[in-house]
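Here is the structure we will look at, set down as C-alpha cells.
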Amino acid sequence: MNLIDLLLEPLAYDFFVRALVASALVGVACAVVGSFVVLKGMSFIGDAVSHAAFPGIVIAYILGLPIILGGAVAAIGTALGIGALTRRSGLRADSIIGVLFAGMFALGVALFSSIPNYVGDLFHFLFGDVLGISVSDMIALSVLVVALLLVIRALWKELLFATFDPLGAGAAGIPVRRLDNLLLILIAVTIVISLQAVGIVLVVAMITTPAATAQMLVKRFGQMIMVAAGIGVSAAVAGLYLSYALDLASGAAIVLVETALFLLVLLLTSLRGRRAA
Amino acid sequence: MNERATPSVIKGRTPSSHVGGRAVTISHVTAGYGERAAISDITLELAQGSLTAIFGPNGGGKSTLLKCIAGLMRPWSGTIEVLGAPVGVHAARVAYVPQAEQVDWSFPIAVDEVVAMGRTPRIGPLGRAGAADRAAVAEALERVDMADLASRQIGELSGGQRRRVFIARALAADPEIYLLDEPVTGVDPVTQEKIMNILDAEAARGRTVIATTHDLACAAQRFHDVVALAGRVVAHGPAQLVLDREVLEKTYGGHLVPLADGGVVLLDDPHHSHGSHEGHE
Amino acid sequence: MRLGIKRSAWTAVGATLASLVLVVGCNGSAASPSPSESTGAAADYTVIATTSVFADLAQLALGNNVAIETIIPAGVDVHTFEPSPADAQKLAGADLIVMNGLGLDEWALSLLEAAGKSEEDVLELAEGIDESNAWVYLEGEEHDAAATDVHGHGGSDPHIWLDPKGAAIYVDRIAARVAAELPERVMEIESARDAGLAEIAALDEELRVGFAAVDASARKIVTFHDAFGYFARAYEIEIVGVAVEAPGQEPSAKEIAALIDAIKAAGVTSVFSEAQFPSKVLNQVAAETGATVLENLYSDALGDAPANSYLGAMRANASAILASFK
C-alpha cells in the first residue's frame, strides 16, 4: 500500500474528514491566539482558563443548557477575573492564577461527582472527542474560528502595539486595558471551542507549542503568526493521521506531533547557533 | 547644526515663550505611587515649539510628570491640558518614547515593525497601512540611520540602535508633541548626537519636545529651556538656568559636594533612588 | 480602593458558595441510592435484591406476600455504582439477598461481612441453572475478574433474564427458595409465582411472534455490550460483533472506521449502545451508515414507566428494536 492510498483511506469516512477539518481549524485558532499568549508570557493563564471551563460545563450539563455556553461563561469570567485581580490586588499574578485554576477545577470535579449517572459526554471535555463531532458542531466551529481570525486581523496593529509596549500604546491613545480584556476573551473563546478537539488538559499545548516553535524560526511577528498557524494546521492533520494509523487518542497525537516539532526546531536552532559561534 | 557651548559660556537662546501657543498646561498637579507623592503642586506651561529638558534628582518626579502628561498616570489632584484639551483627547498627536528597559527585547519583532507601530493611531482601528504610512516609516528609519537594519530583530540591536528605533517610531507618528523619558541616557555619544539633532530639527519645525534627563551638560547645551524638578518646580526658564548654582542647590540639595577651589561637584547616581518609585512602574 | 475590592471579592465568593450548595444539594440526594419503597404487606420477611430488575422479578415470583427492596434503584447506572456503608446496613435487615452472580454484582458479596450476613443468606440467580433447567450459558466478556475464580464458570454471560425463559427460571428459583423458608405461605407464593410465570410466558410469545415477522436478513444488530446475547439467541437475531479494544475508553479512529465498515457490510440497521461507547461518536456513525442507534435499552436496570417493571422494560426494548429493523 503506497503513501497515497494510506492518506486516502481514512478520507472515505465522513467522521474522519470532519475531525480533520475541525482539528485543523482549532490548530489555526489556537496558534494565532497562542502567539499573543506566548509573547505576553500568559501560558499559565491559558491552562488556568481551560481548567476553569470545567465547572461551567458541568453546571450547564446539570441545568440542561448547552455545554459550550457554560464553558464559555466560566472561561471568559475566569479570564477577565484574572485580568482584574492581577491589576488591582497586591498579590502576584501567578498566585492568583494558581488559586483560581485549582479552585475552579476542584469545583468542577465536586459538581461532576454529584451527578449520579455515567456521563460519557463530559469525560470527553477533559480529553477531547473530535471523532464524534457532528456536522452542525463543525459548522459552528468554523464560524467561530473565522470570526476570531477576523477580529484579530481587524485589530491586529492595536493588539501588537498594546502587547509589545503598553506604555507607548497607552500614551498614543490606544485603549490598552480594553485590548487586554479583549485578548483575554479571545483566549477564553478559543479555548472553549478547542475543547472539543483536544480537551481541557491538552488545549494549553495547542496554544503554546506552535507559537513557541515559530518564535525560534522567524524574527518578525507577522511571520511568527503565519508560521505558528502553519504548524498548528499541519500538526493537526499529521496527528490525526497518526492516531488513525497507530490507534492513538487523537488529541494526544496532535499535541505529541507539535511537541516533537518544537524539540526538533530547538535542536536545530541550537546546533546552528553553536556552529555560528 | 548647533555649536557646542562650553559650560562657562552662556549662549543666549530665544526664550521659547515667544515661539507659539501653549502645548502643555499643568495646573497644581500632585501625583505619586501608593501613599507617596512624587510631585506636588506642579504648575507649568510649556509652549508649542519649545525644546525643554526636565532635570532633577532621582525620585524628583521627572518620569512621573512625563507619564502624567502622556496620560499613563492619573494625577491625584490638579489638571493637565495637552493641546488645549484634557489629557487623552489628542493622544494620537502625542508620541511617548519610554525608557528602553521597559520592553521585552526577545519579542520576535523587526525594526520596521516597531517603527510602523507609530502609525497605528493615525491609521485607526480596522484600517490598513497605506503608501503614506509606509513612506513615513521609511523616512523615519532614514532619519535615525537605521534603514539598512530594518529587518533586524530588535534583540539583535545595540543599546544605541534600540533607542534610535523608538525615536523612529515617534517620528513615524508625526506627532505635535514628543515626550521622551531619558532619551540620551545610557547611549554612546554618537547616538546621543544623532538623537539630539533630530529633536532639534523637530523643534525647529514647530513641534514641541519635552524630555527628561540626568545629563546636565546635554540639558545646558542642546535644549532651549529647562525645568528643574525636585518634587516641585524649582525653576523653569532658559537652558542656562541648569548651571545656576542656586538652582542646582535647591534642586539637588545634598548631592552637591563642594570642592576645594570653591566649585561644586554634583553627585547624582542615576541608579540610586531616594525612596520614591521614579523610573519604576 | 482596597476595601472596595475586598467587599466585592467576598460577595463573589459567597455567591459562588451559595450556588454550589444549591446545585450539589439538588443532585446530592440522588448521589447515594436511597432505599426504595417496600412493597407493603408482610413486612416481617424482607427480600433485598441488588438491582431493580431482580426486585421486580422477585415481585413477579412472590406477589405481595413479602417485603421486597432493592439496593440500586431504577435509573441509576449499575456500572458505576459504588456500594456504601449505608448499603451494608440495609442488607443487614434482609432475610434473603437476591443477586445475579456470574460477576455482575459481586459487590454484594463484599458487603456480606459488614452486613453481618453469610453466603447462606444469598440466592445467586444465575448460578448452576444449566444443570436443573437445561439452560445453555453463552460466553460473556470479562465482567469482573473475580467471578472466574470464585465460581469457576470462567466468563459466562450473566444477562440471563433478558431471555424471558431465563427470567422464568429466576422467578421459579426465587419462589422456591422463599417458599422453603416460609412453609406457612407456600400456597400464596405458589399462586403468585404461577401468575408471574404466565405473564412472562405471554411476553415471550408476544416477542417471538413480533420478531419472526421480520425478515431474517434484516434481523441483525451491532452491540458493544454482551447484554443482549441471550435475547438475540431467543429471537434469532444475528449479532454482528465488533471488537472494541477497551470498552468505555475513547475508541480510536480505526475502531470507528471498522465499525462503519462492519455495519455497512452486514447491512445492519440497528446498533445497540450503552455507556460503553461514546454516544456522540455513535451518532456520527449512525449518520454515516444510516443505522439507528438504540441508546436507551433496558438491560441491567429498569427505568421510568412504562419501563419500571420487567415486563414493561422488555416490551419497550422490543418495540424500539423492531422499529429499528428496516
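Which chain is which? They are A, B and C, in the order written, and residues in each are numbered from 1.
Assume a residue touches a chain if its C-beta (ideal position, glycine included) is under 8 Å from a C-beta of that chain, and two chains touch if they have at least 3 such contacts.
It should be emphasised that the depicted structure is a prediction, and the values quoted were computed from it without experimental measurement.
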Steps in the shortest chain-to-chain touch route ending at chain C and beginning at chain B: 2
Per-chain CA centroid nearest to the all-protein CA mean: A
Distance between chain centroids, defined by C-alpha means - chain B, chain C (Å): 80
Approximate Å spacing (C-alpha centroids) for the pair chain A, chain B: 41
Footprint of chain C on chain A - complex, ascending: 10, 13-16, 18-19, 59, 62, 88-89, 107, 110-111, 113-118, 120-121, 124, 127, 129, 131-135, 240, 243-245, 247-250
Chain A partner contacts - residues on chain C that touch it in the complex: 1, 5, 16, 20, 23-24, 26-28, 30-31, 75-77, 79-80, 245, 250-257, 260, 275, 278-285, 287-288
Parts of chain B lying in touch with chain A, wherever the complex brings them together: 67, 70-72, 88, 91-92, 94-98, 102-104, 107-110, 113-114, 116-118, 120-121, 123, 125-126, 129, 151-153, 166, 169, 173, 179, 281
Touching residues on chain A, where the partner in the complex is chain B: 39, 154-155, 157-158, 160-161, 164-165, 167-174, 214-215, 218-222, 224
